[in-house]
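Order of writing sets the chain letters: A, B, C and D. Residues in each chain are counted from 1.
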Amino acid sequence: MSKRLNIAMLGCGFMGRAHSNAWLQVNHFFPREHKPVLKACYGREEDRKKLDEFAARWGYEIVETDWRKLVARDDIDLVDVCVPNHMHHDCVIAAAEAGKIVVCEKPLAMNVREAEEMVAAVEKAGVPNMVSFNYRRVPAIALFKQIVDEGRIGQVFHYRATYNQDYTISQDVPQGGMALWRLDSRVAGSGVTGDLLAHSIDTAEWINGPIRRVTAYTKTFITERRHADTGKVEKVDIDDACMFLAEFENGSIGTFESTRYARGRKNYNTFEINGDRGALFFDLEDPHILQFFRYADPQTGKKIEDHLTGWQRIHVTNFEHPYMKHWWVPGCTIGYEHTFTNSFADFLASLEGGPKFQPDMRSALRTQRVCDAVLDSARRGQWVEIP
Amino acid sequence: MSKRLNIAMLGCGFMGRAHSNAWLQVNHFFPREHKPVLKACYGREEDRKKLDEFAARWGYEIVETDWRKLVARDDIDLVDVCVPNHMHHDCVIAAAEAGKIVVCEKPLAMNVREAEEMVAAVEKAGVPNMVSFNYRRVPAIALFKQIVDEGRIGQVFHYRATYNQDYTISQDVPQGGMALWRLDSRVAGSGVTGDLLAHSIDTAEWINGPIRRVTAYTKTFITERRHADTGKVEKVDIDDACMFLAEFENGSIGTFESTRYARGRKNYNTFEINGDRGALFFDLEDPHILQFFRYADPQTGKKIEDHLTGWQRIHVTNFEHPYMKHWWVPGCTIGYEHTFTNSFADFLASLEGGPKFQPDMRSALRTQRVCDAVLDSARRGQWVEIP
Amino acid sequence: MSKRLNIAMLGCGFMGRAHSNAWLQVNHFFPREHKPVLKACYGREEDRKKLDEFAARWGYEIVETDWRKLVARDDIDLVDVCVPNHMHHDCVIAAAEAGKIVVCEKPLAMNVREAEEMVAAVEKAGVPNMVSFNYRRVPAIALFKQIVDEGRIGQVFHYRATYNQDYTISQDVPQGGMALWRLDSRVAGSGVTGDLLAHSIDTAEWINGPIRRVTAYTKTFITERRHADTGKVEKVDIDDACMFLAEFENGSIGTFESTRYARGRKNYNTFEINGDRGALFFDLEDPHILQFFRYADPQTGKKIEDHLTGWQRIHVTNFEHPYMKHWWVPGCTIGYEHTFTNSFADFLASLEGGPKFQPDMRSALRTQRVCDAVLDSARRGQWVEIP
Amino acid sequence: MSKRLNIAMLGCGFMGRAHSNAWLQVNHFFPREHKPVLKACYGREEDRKKLDEFAARWGYEIVETDWRKLVARDDIDLVDVCVPNHMHHDCVIAAAEAGKIVVCEKPLAMNVREAEEMVAAVEKAGVPNMVSFNYRRVPAIALFKQIVDEGRIGQVFHYRATYNQDYTISQDVPQGGMALWRLDSRVAGSGVTGDLLAHSIDTAEWINGPIRRVTAYTKTFITERRHADTGKVEKVDIDDACMFLAEFENGSIGTFESTRYARGRKNYNTFEINGDRGALFFDLEDPHILQFFRYADPQTGKKIEDHLTGWQRIHVTNFEHPYMKHWWVPGCTIGYEHTFTNSFADFLASLEGGPKFQPDMRSALRTQRVCDAVLDSARRGQWVEIP
């Protein structure tokens, strides 16, 4: 018995595209009762032409330039918030108040205050909700988590994460506009901290538990850029790079770094964990690979034969690996887009009585707290506790 | 102005699924006039339950267990042949005679004789046709070809290819049935030669020109297996492994190997070319990577600075790379399935006045000739010329 | 005309062995006038048996358990200080006052105060001196520096370094004694900061210029260990791990981390630099490899062809690479030990009118300042300027 | 009680240098009774200047340009044959007849006939003898053999080997002379077959047992080169490349390839073995690494947990790894030269009652038989049995 799930997509940019694709794909690969339908999409009036093309390409029935109207419609079951960060707060709250299921792109909000209000709204409304930290559903990252949970790492000493890219190095890159709103602090809230480190922090706490305190540093390398909307050279307020040291509550310690100025790194979202029994390393540039160092048996703690230890390159495409039995055959990779498909598959399952979906907005609020603490520490040049 | 393109899918197995997905995806990523519609699908009566599920999942309007009827329907524009190898011949010829556009999975046929008749049929009918050697549309493989064509390799000395897997090592794997018909010679024609080496040969000749002669060796490691249809232990006739040496017409020489007994290799479709000016290496287990060794300038032949030569790991996800501007952003990979999407995008473009699609059946006939020569050489223990 | 260079080796442990080997090897591979002679060696009376074996193995003529006597001998030209850290200060000063050429293992001293006195002594005596930061003479690291100096990296944005190992994770490892004095703070001064980070800092400032300020964190995971000398469980005072953030004077920023608790990492001395024109990465576990990302021409700043950028794995064994023309042929690696041989080759050259050897003690004092600032910052939980 | 072992070195080229170094090093790292002494060396009268420099650099007491005189001296215990291939036969036989211990560089001889006579001579004389297939003593290759012998690979299906280089691609490289005698068939006997494939074959049979039959192909890409001795352009008779298919007696099959025209490959001596229980891969360009795929327990045959299989990169520098406890500490690599040191350490041990050294000349004769069969097969274009 299939149930239609009418979706209102807010946003017709990169993320609107990624989510639309995943909603269309999910039933082809995962057995779910809900059948997502791309019912309506929203974009700004000034982006009308792009919006119409977007709707035509993905098959949206309704096109709308007033998002409040769209959210209020009776024939909408789920609102998917893919607009820039500064609109998340209002869109999510309105959707929750209209009783819709709410999906929101990360980072959840511009800051903790906004995020708290959003969590209050969805929890008051009692609506199912998710935040799209899609990388948790990269099969190799899900396997990373599984191996830690199986006790194969043991007592953790170290965690280290980077999320490095290189696409804004040139002075000629403008800020603002549809494509580069991430460089405009009024729209994005922060720079790499909300954009990239939010992923690193979400993954880190999911895998290694809460961060207790941080000391951080941020840097803006290019301090003035032409604004795409005004055409004028304006001050750049976002952080081009952010790095911090962390104490975790479990006694382990960590380093984090994120930047858009790491020449040569395209999507270098890496993290490594080292414990007494083993270690793991992941790099999003080779998303189908998980590196695992087995040192001791997870039950007995007994060492592996000494001449046989080494970093193991697990090709995460076996049927036994998370999500992979739904896709192709061993040896065949899935792509970036399927992190969204896997996410929606799990989210639909949770609507159908499966395990509660994580991260929801409450969980994403936690990540927001760490992000805010990081930025606060960087401003003050001091260690800051996560509240 | 969009044109509906009604598709009849013959086959509801692994390839039927891969093709269905690609037909649905192609318009979302590539601007094409033709709009593929999954109109009808065929499966065997004994697979009825699976067929119905397949149709429901992918949205086929019509389900049919007599392929000849399906091929004859007026409302079908294109027949996509994804049934096992032994049916290719009849299906393709019937489709051509019915004036349909024909798509056929590789290998084209059971042998050269069949393939010649198929080519004759499509050419007589004058119908557009393609054979799904999908790996030509892995962006990194397309880039491999492009770099060779740019003169960056120079005079070629060596070519070497492997296509190694490990999934049939156990005696417990049966032959035949829906999943393992590739082990049944009556259905598959040959073992790894048609299944895997056909890919290696298609790519090799596309990149490095015609093979002149070969000396080959085949091996069946497990010579008896239970047959899934009869339940009886029967002789295994297919080649579990095949290896050959080759002379190319351009004066270069090559080694080829394929097996399903290479423990540890899942989808190890690799090839390397070495010339006086450069070299390239590709491995399908890391499909987003192309390794390039630059030695000399393609125009002048002048050496690169000596202290700066090394194998370069190109992350083939930039907008400048083949197909990638249609997908996501630099650093984001696409998966196995999109080798089919890219193929159909090019095939539709060729229907719309773009470059003639390759490989068509005539081109695949050539690959069949090499496969047959390889098997013939293995039987006779001698060098064999490709006719 | 060859000149004998009589060497007094202080220390018969791991470093005594590495230096002895390198003194014997240097003339076989590098044309130098000086002929090092292993004249005398010193070890503690309680290590007499080991000392005698050491002398026999390496061919030392004289064995001595009073280092002051050895340093004072007329027939000694050069004193090589390979004893534990807490003895560096007295040995170096005595050697300088006796007018000997002085070689000292790193870290230079227990702290800046000691280091300043040592620099004052060698400079007052006017004796040639070197500190054995041997990794500068790994060919791939020398090439790293060369490529930066050629302008191929351009304006630097980021520097990141780790030096991670895993050999002290077990509670059963004792502190102190001949082998594990590095765990005893009275002998070693500090833990990973002096042992491993000193290397990272020396290399970082050599390549990327002075560090301006740091914020650091240290951790001792196992806080009590049996002492090998006393047999009693005693408090462990050294840092098992140290991590810090840094600002460089050239406007770039950096992360540094070192630990002996990174399960799976044996000798993971890595560093990466990212500039607008290129990037480099090195990992001491693959010491013959340098990874280079070329983005733009060093002279013109013009971008490389977009479809050809990628990390290049330079096999640093060509005749054109630093030091390599003195060893074997392209493709043949040298080992860990030859970082010392290369160092002594350069040091002898500097005695013979070649370029002044770096790092000397004044240069190593600078590294000591950064180490002390790091430890100070970790104690105080604040940013600290390097004086 | 140490025993002097007076060595006569025949040859002062690349191999003379590598062997001299190893004789001097062996006692520093391995406890052996024999103390090799570099007593005398031989070179041609026309290379007198080079010979004198060689003797001075390595400390040879005696310099001689008549090798027969040298071999006959009473004060020589061991003759080390490092002259070009065409002299091996006479030198070895003379040394054996003079009752000397004989060491010979590979390949043993110009052909099987010569090799048989040499084996007869050393066996008649009853002198200890070794052939320097030094790569057996790369620690990672010794570990490869050990893991196979531990039953961790199980029933073998495949073996594949390459030994590819790129240093003779240019037309400007001359043949003949001291450096490039390997291109002169009268001196070298064959091209890559004796030079490179001999290594591959020695390793293959050592690890995987005897080869039963082969079909081979050889190629000379540049057919005329200036001769360094005569100054004239002369025909090139050696094989620039050689490739062959093989059946092993244990039922497994193999591919072999060697060339000096594989642009980008410097010392690409690789081999892989695939069995039902595991697989191994080695590449001499990363000599400290062994790749191991564990699939099943060597005793029980039970599969490893499915989600944890992957190629493991063993950093072969632990104390538990072959030879490594004699060198430095885990994480520290040794270089190319120490394959010779390890070889001499084992050879001296065999003189002192340790395990019989392999490969001796009888064992190397076997490799010669395979090489001759390969060349014969290439000439005749047919499969050839190894006698």
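Heads up, the rule we're going with is that a residue touches a chain if its C-beta (ideal position, glycine included) is under 8 Å from a C-beta of that chain, and two chains touch if they have at least 3 such contacts.
Worth saying up front: this structure is predicted, and the values here are computed from it rather than measured.
Each of A-B and B-D has its own count of C-beta contacts, and the greater count is at B-D. At the far end from subunit D, in terms of centres built from Cα atoms, lies A.
Taking the mean of the C-alpha atoms as each chain's centre, subunit B and subunit C sit 54 Å apart. Taking the mean of the C-alpha atoms as each chain's centre, subunit B and subunit D sit 41 Å apart.
A separation of 35 Å divides the Cα centre of subunit A from that of subunit B. The multi-chain contact residues of subunit A, meaning those touching 2 or more other chains, are 311, 315. Residues 14, 18, 20-21, 24, 27-28, 57-58, 165, 167, 266-268, 284-289, 315, 317, 327-338 of subunit D are the ones that touch subunit C when the two sit in their complex. On the side of subunit D, the complex with subunit A involves touching residues 143, 146-147, 290, 292, 294, 306-315, 318-321.
Across the interface of their complex, subunit B is touched by residues 157-158, 160, 162, 164, 166, 169, 215, 217, 219, 221, 241, 243-245, 247, 253, 255, 257, 259, 261-265, 272, 274-279, 293, 295, 311, 381-383 of subunit D.
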